[in-house]
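Just passing along the structure, written as structure tokens.
Each chain carries a letter (A, B, C, D, E and F) given by its place in the written order, and its residues are counted from 1.
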Amino acid sequence: MPADIATERDVERLLARYVASIDADRLEEWPGYFTERCRYQIITSENYEQGLPLGIFFADSQAMLQDRVAALRQANIYEGQRYRHLVSSTLILGEEDGLVIAQSNYMVARIMHDGATMLFSTGRYLDRVDLRGPGPLFAEKLVILDSRRIDTLLAIPL
Amino acid sequence: MRNALDLAWPREGLTRVPYPIYSRADVYAEERARIFQGPVWNFLCLEAELPQPGDYRATFVGDMPVIVARDLAGTLAAFENRCAHRGALLCFARGGHGREISCVYHNWTYDLRGRLTGVTFQRGVNRQGGMPADFERSKHNLRTLRVESFAGIVFGTFSDATPPVETYLGPAIAERIRRVMRKPVKVLGYNSQMLPNNWKVYVENNKDSYHASLLHAFFTTFRVNRLSQEGGIIVDDSGGHHVSYSKRATDKPSAEYDATDLRAKRRDYRLADPSLLDGVDEFGDGITLQILTVFPAFVVQQIQNSLAVRQIVPRGVGETELFWTYLGYADDDGAMLAIRQKQSNLVGPGGYISMEDGAVGGFIQRALPGGEEGAAVVEMGGRGVGSETTRATETSVRGFWQVYRRLMGV
Amino acid sequence: MPADIATERDVERLLARYVASIDADRLEEWPGYFTERCRYQIITSENYEQGLPLGIFFADSQAMLQDRVAALRQANIYEGQRYRHLVSSTLILGEEDGLVIAQSNYMVARIMHDGATMLFSTGRYLDRVDLRGPGPLFAEKLVILDSRRIDTLLAIPL
Amino acid sequence: MPADIATERDVERLLARYVASIDADRLEEWPGYFTERCRYQIITSENYEQGLPLGIFFADSQAMLQDRVAALRQANIYEGQRYRHLVSSTLILGEEDGLVIAQSNYMVARIMHDGATMLFSTGRYLDRVDLRGPGPLFAEKLVILDSRRIDTLLAIPL
Amino acid sequence: MRNALDLAWPREGLTRVPYPIYSRADVYAEERARIFQGPVWNFLCLEAELPQPGDYRATFVGDMPVIVARDLAGTLAAFENRCAHRGALLCFARGGHGREISCVYHNWTYDLRGRLTGVTFQRGVNRQGGMPADFERSKHNLRTLRVESFAGIVFGTFSDATPPVETYLGPAIAERIRRVMRKPVKVLGYNSQMLPNNWKVYVENNKDSYHASLLHAFFTTFRVNRLSQEGGIIVDDSGGHHVSYSKRATDKPSAEYDATDLRAKRRDYRLADPSLLDGVDEFGDGITLQILTVFPAFVVQQIQNSLAVRQIVPRGVGETELFWTYLGYADDDGAMLAIRQKQSNLVGPGGYISMEDGAVGGFIQRALPGGEEGAAVVEMGGRGVGSETTRATETSVRGFWQVYRRLMGV
Amino acid sequence: MRNALDLAWPREGLTRVPYPIYSRADVYAEERARIFQGPVWNFLCLEAELPQPGDYRATFVGDMPVIVARDLAGTLAAFENRCAHRGALLCFARGGHGREISCVYHNWTYDLRGRLTGVTFQRGVNRQGGMPADFERSKHNLRTLRVESFAGIVFGTFSDATPPVETYLGPAIAERIRRVMRKPVKVLGYNSQMLPNNWKVYVENNKDSYHASLLHAFFTTFRVNRLSQEGGIIVDDSGGHHVSYSKRATDKPSAEYDATDLRAKRRDYRLADPSLLDGVDEFGDGITLQILTVFPAFVVQQIQNSLAVRQIVPRGVGETELFWTYLGYADDDGAMLAIRQKQSNLVGPGGYISMEDGAVGGFIQRALPGGEEGAAVVEMGGRGVGSETTRATETSVRGFWQVYRRLMGV
């Protein structure tokens, strides 16, 4: 039995606001889309499917996401760049202990400050969304990269 | 005997690197023959990646495709990943397992030592066609590499002149590799990173201890590393290999630091979730960072509890693929895995203290046009090659060029 | 008069599940998204618009789709690869003998086992969807490629 | 408070029909998606964010859009090409003097007549949609390009 | 007289192909002049694609853009697709129709034989500017090709030395082309395929009958083709052209088959919808497969009732564009069209029995690095060039290199 | 002294351009040294883009990265954007502001005149490491360009032989630049356009007044420009610079026009919203179009009230990046801005009358293969180089090649 349209919309709206914040370089908003005790990981499908635990980035608290943003803003050196996320085909896979499990496909283009544009990453989001609070939040977000290969570096969250 | 390259090295010698070395196609082609197929040991894979007899993996020596295998007797072997018939890749996946490897094009088959064992229709079909009567399969085996495993790392060489791995490395480097590979490892993850620069730029980056505390602000800010910490550089006698190491929490006051205004120094900066850096001194020697390179293009890394090997594969004059293999020990428990997982945020394509290395290589490559007459200056720490107790030196970079020039004849 | 939101959702969900199966390499599920006497064709817009009948692949039965999967699994040699589909802008164009006619835009990235990623195909889906059964099914699916040029080969269905 | 689902759908349908007309080379329909006294501009985010007024194309009337189409059809020389738009993550940002303000992410692939395909443009639509008439129309449409760099030329509207 | 290429061919001669031939830029440039502009007939298009006087199409000779046209008198002509003024492409679409072709840049116009008929403002504007008085339009016609149509196929050559098409092909090849083009054809579809390999790798693939039953499992599984079936190879006297053919359902038992364990052999494999292979013996000779190549880069294909021509266009040293044109006969009825439509699943970029050919070329190209000293081995079926009654041979591959070496002077 | 290029120029001289000049990698490399680093003035930026002391911007000279700055004293300076240490880009953004520029890799710092002011750890850390005692910072300053500002435009040269800008331009060109830059400008927008062709093809396009009314139909249709209008070409004494101009609404009847059937002529064509072309004669001289080029790769444009400068940056043999900077005057009011905004539809990557220039360059580049023996013909308006009162001429194109050949020695 398919999820009701309202639930799908809630998840789609959360994803839309999430990518809008990242693509507009409002990274400070990014941790706010997660619960305090969240889980966020960027991992290649190769590792994910083989059960290899290490990925590109891992966080198990909203504070670690804040640290990521702080590092990107204050410490790390990388060339000016932006992302553009396209997200589609969101599917509600089920529900577990009050969390909605949703999967979506994404493509991310990376645009360098000089205009150079490339298809930087494709993959899927595997999300556990908490709809019980005032606003929907990610309790868990797995970014599963189709490719094992990263161009140059991965600084901005996906 | 190959023709010498038309490349004039600056008279200053090792303290200069002429910029065209990073952009000339003829240099790149020559390196394929003189460096990677020369008297060097190339990283092929880890023994842990070939646990069973019959296991094999596709890898690279320079940009040449190679297969490394554990034959049915359990012996390691390596050979070109190019069919002896018409040259097709034999293994076009990450690897496989079996008694033999057959080519998809015409089904020629090879054993796991690269010997041609079968030629389909060698005697023809219905007594028609087939190979000439005097065709000898044994004359068409795959070109093999000499293989040696050292501390669980599988190396290969195409040259008979290459000494045994341990001799090649020298005692100090060998010991530091054993330090990391001190017990059975397991792979915790893979990925690769396309670097927009010549492969040598990234090799130098690893040998360059001078940049660590300056380019990598995250590093310094949290005292994971600072040049004023106890540590140093060991360069082997050839100059081609090096290890750079430092200890944490042994910070001596340093006038230079207080004098220099370093972007990298942000005293006020604190982590909201410091669990990222929770770790244990699993080596019992207080060394929190050890970067080790083996000529020409292999890196062993220990940054606190983050362990990895890095294979550097040229993908053209201005492109390089960096293969990361993250390691733990076979006997790691859940707590240790959790530590390694969090600390993996420090390294890799998105790592807090390796991210910048992916960027600066491109900065150098993109600045080459117009610099055809110019040369890099490598004088930090003097003009010689040797071990030092400071890391404010480029001694190991000079060491790389010492070996490179000898092999390339430039 | 625009179609009702529920119908749009039904079609979008069908498309989402369809691409999720393909992108996860669950090709065995693919024929199941079609009616038994279906029509599926991959054809370039050049041929389609000129009325040239031949395309890249043609099937007029669910069994032929099963044969395609069997061949890809058991017979054909091709390098390990995956797709990532993005689908958007689904439009309900009308209804004909009980079938909903829908058009959608797609982009497909192809990710090789070594990580090499490219924008492999773009185009539109022109679908006839049967919503009368227990679950929605494609009675007809035309994959109309924008490009006349295929990189290397086309093995996995689009 | 999120906009109601019906409003989101109206905007998404308008966008879907808009890109379908362009991608099918039915450019003559394009001006019809705008109000008579509309505003349409294609501008790079670099200029937009610095408050530099000039972009790639500017129109302040439906008639200027008709002129664009007429020029492309009758006057300008450029190689045969098509676009494929993907649009996602539409967000209703608010409402102002009766107009719904919506933002969407887009990617556009350009397909040359010979099949050469590239990711031609990525960015966002910042739209003011008039839902009061018989059908929804764009009172304003800003196409904000992520990249400052255009490949070869930009003829067809985005 | 051009300089000879610095390329040493292995002493074994035709049974070896040195790998750099597939990767060297200087070889590629030389082929443009010596092969494609040499004494060969290049496929330009089908007569069916130029039905009316005034029709023209853009095509390629090697990687050189060319226009082929049917002039107002109905005569076929071909000329460079490069304006005589400043070199702009004249036709930048698939083709067109008209009395003349004008360049968009400065509006110079040409008739459909490539003669310059108009130079805008030749006499200036208001008696100012314009071309010099002694400028002669006739000295600035487009460089033309000699054109000949054979069996509805339009060929072109830049060389005066090329004999008539039928002589060039030789009787056997000519006859086999006529067999397919036996009555008026119509185009049923187009597409192209980018092959990640040098053009010669794909030409060899077509000439290589050895691989058919081994690489293409679908093929064998359904007995569409097997080497042990009745069939053979015809190579013309030059060696440059070939036809490979086989009959179905004439399978002799073959010890070799039962001996060799072929991946391609899966007896259990059956189609859920066998209508895919429903066909008719429309040629009345029982031949279910005929692959024919014309030197340098043209293929005529009959696989059961799937008919196509393939034009091979180099797009750089390591890239090739393969243009597929699917054919039927003008008098095909609906039932016949339905058969061709289903059987089109066998060929093309996604075809059950051609898919693999798109992959193996890349496997060869990617395996080239490091093989600079190596060579492919082409000894199946002996070391000579000639027709054979078996298809367990590489005779036609050797034939290709025989002509190639003569023209290239290597 | 550099080796001469192995390139034979056709005996016809300036009226021929051999096609390989647009595709040869060795020519491209030679241009870097002989043209862009030769005795020429290269556009760097506008003074308006460096309003404050401490402002700097990244720009290009040919494809070499360069920084142009206004130092703390307000003086303009320019130097290579390549660190003197290991060659990293110093500025990897569009620009910046500060007292100094430091390199991210090892934190070497430079003042805004390119002088090396700081070497991190020059004296080592804790008396260990550091640079050799005899290391002199002053020997490692960045290579600088001579900089001159003319009419608010900042030019730079690497050669001591280059005369002052105004002498270099000659009086007529200088005056026409002053005409556009007659009062303080402000930037109204930026963008760039990747042209799929060699940089010289686009330079010629700007110098080619012959094509304007023929390629650009929009142009002619609305009489924004037609060759029969009052106007002409001015070429400076060197031949390298030119200005092409015309007045509107001064159309003389022209037999040629009525004779030639021009695609570009569509009398019936009218704008639904003519406000696009509303403008004012802000220069008071009735000139509605002025295209001006400065050798090698700079363009100043006035098309009605649309003002822009264009910088042409080679990005490889077959690729060029065109940087558009749209201008207004500092004192423009809202009404004037509105006019410039609408008229900006005429130019840029999507401009009604510049769109085609982005296309034709690719048509020429793609038509090069197979034309290795051929040459472009440049005879419109005779065979000489000089100013003319008609624009049915290629005089300024010949002028470009006159200077090019002298500098390149071909």
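Operating definition for what follows: a contact is a pair of C-beta atoms (placed from the backbone, for glycine too) under 8 Å apart; a residue touches a chain by one contact, two chains touch by 3 or more.
Because the structure is predicted, anything quoted here is derived from the model rather than measured.
Asks: Note down the smallest number of touching-chain steps it takes to go from chain D to chain F.
Replies: The fewest touching-chain steps linking chain D to chain F number 1.
Asks: Any chains in contact with both chain A and chain F?
Replies: Chains in contact with chain A as well as chain F: B, D.
Asks: So, comparing C-alpha centroids, which chain is the farthest one from chain A?
Replies: Relative to chain A, the chain whose C-alpha centre sits farthest away is E.
Asks: Could you work out which chain's C-alpha centre is the most distant one from the centre of chain D?
Replies: B
Asks: More contacting C-beta pairs: B-C or C-E?
Replies: Pair with more contacting C-beta pairs, C-E versus B-C: C-E.
Asks: Quick one: chain A and chain B, Cα centre-to-centre, how many Å?
Replies: That pair's centroid distance is 31 Å.
Asks: Suppose each chain is reduced to the average of its Cα coordinates; what separation in Å results between chain D and chain E?
Replies: So the centre of chain D lies 43 Å away from the centre of chain E.
Asks: If you average the CA atoms of chain B and of chain D, how many Å lie between those two points?
Replies: 48
Asks: Once you find the CA centre of chain C and the CA centre of chain D, what distance in Å lies between them?
Replies: Taking the average C-alpha coordinate of chain C and of chain D, the gap between them is 27 Å.
Asks: Chain E: which residues touch two or more other chains?
Replies: Residue numbers touching two or more other chains: 92, 104, 192, 215, 356, 360.
Asks: Give me the residue numbers in chain A that touch at least two other chains, ranges are fine.
Replies: Answer for chain A, listing residues that touch two or more other chains: 5, 77, 79, 86, 88, 107, 115, 119, 148-149.
Asks: What's the contact topology between the chains, one of line, ring, star, complete, other?
Replies: other
Asks: Who touches whom among the chains?
Replies: Chains touch in the following pairs: A-B, A-C, A-D, A-F, B-C, B-E, B-F, C-D, C-E, D-E, D-F, E-F.
Asks: Enumerate the contact residues on chain B facing chain F in the complex.
Replies: 19, 204, 210-211, 214-215, 227-228, 252, 254, 256-257, 260, 262-264, 356, 360, 363-364, 366-372, 374, 376-383, 388-393
Asks: Which of the residues in chain A end up touching chain C in this complex?
Replies: Where chain A meets chain C, its residues are 2, 5, 8, 45, 86, 88-91, 103, 105-107, 119, 122-124, 146-149.
Asks: Using the touch rule from the top, collect the residues of chain E that touch chain F in their complex.
Replies: Counting only chain E, the residues touching chain F are 29, 32-33, 36-37, 61-65, 80-89, 92, 102, 104-107, 118, 120-121, 123-126, 128-132, 135, 140, 143.
Asks: Which residues, counting only chain D, touch chain C once they are in their complex?
Replies: 5-6, 9, 13, 15-17, 19-20, 23, 82, 84-88, 107, 109, 111, 114-119
Asks: Show which residues of chain E lie in contact with chain D when the two form their complex.
Replies: Where chain E meets chain D, its residues are 92-94, 104, 192.
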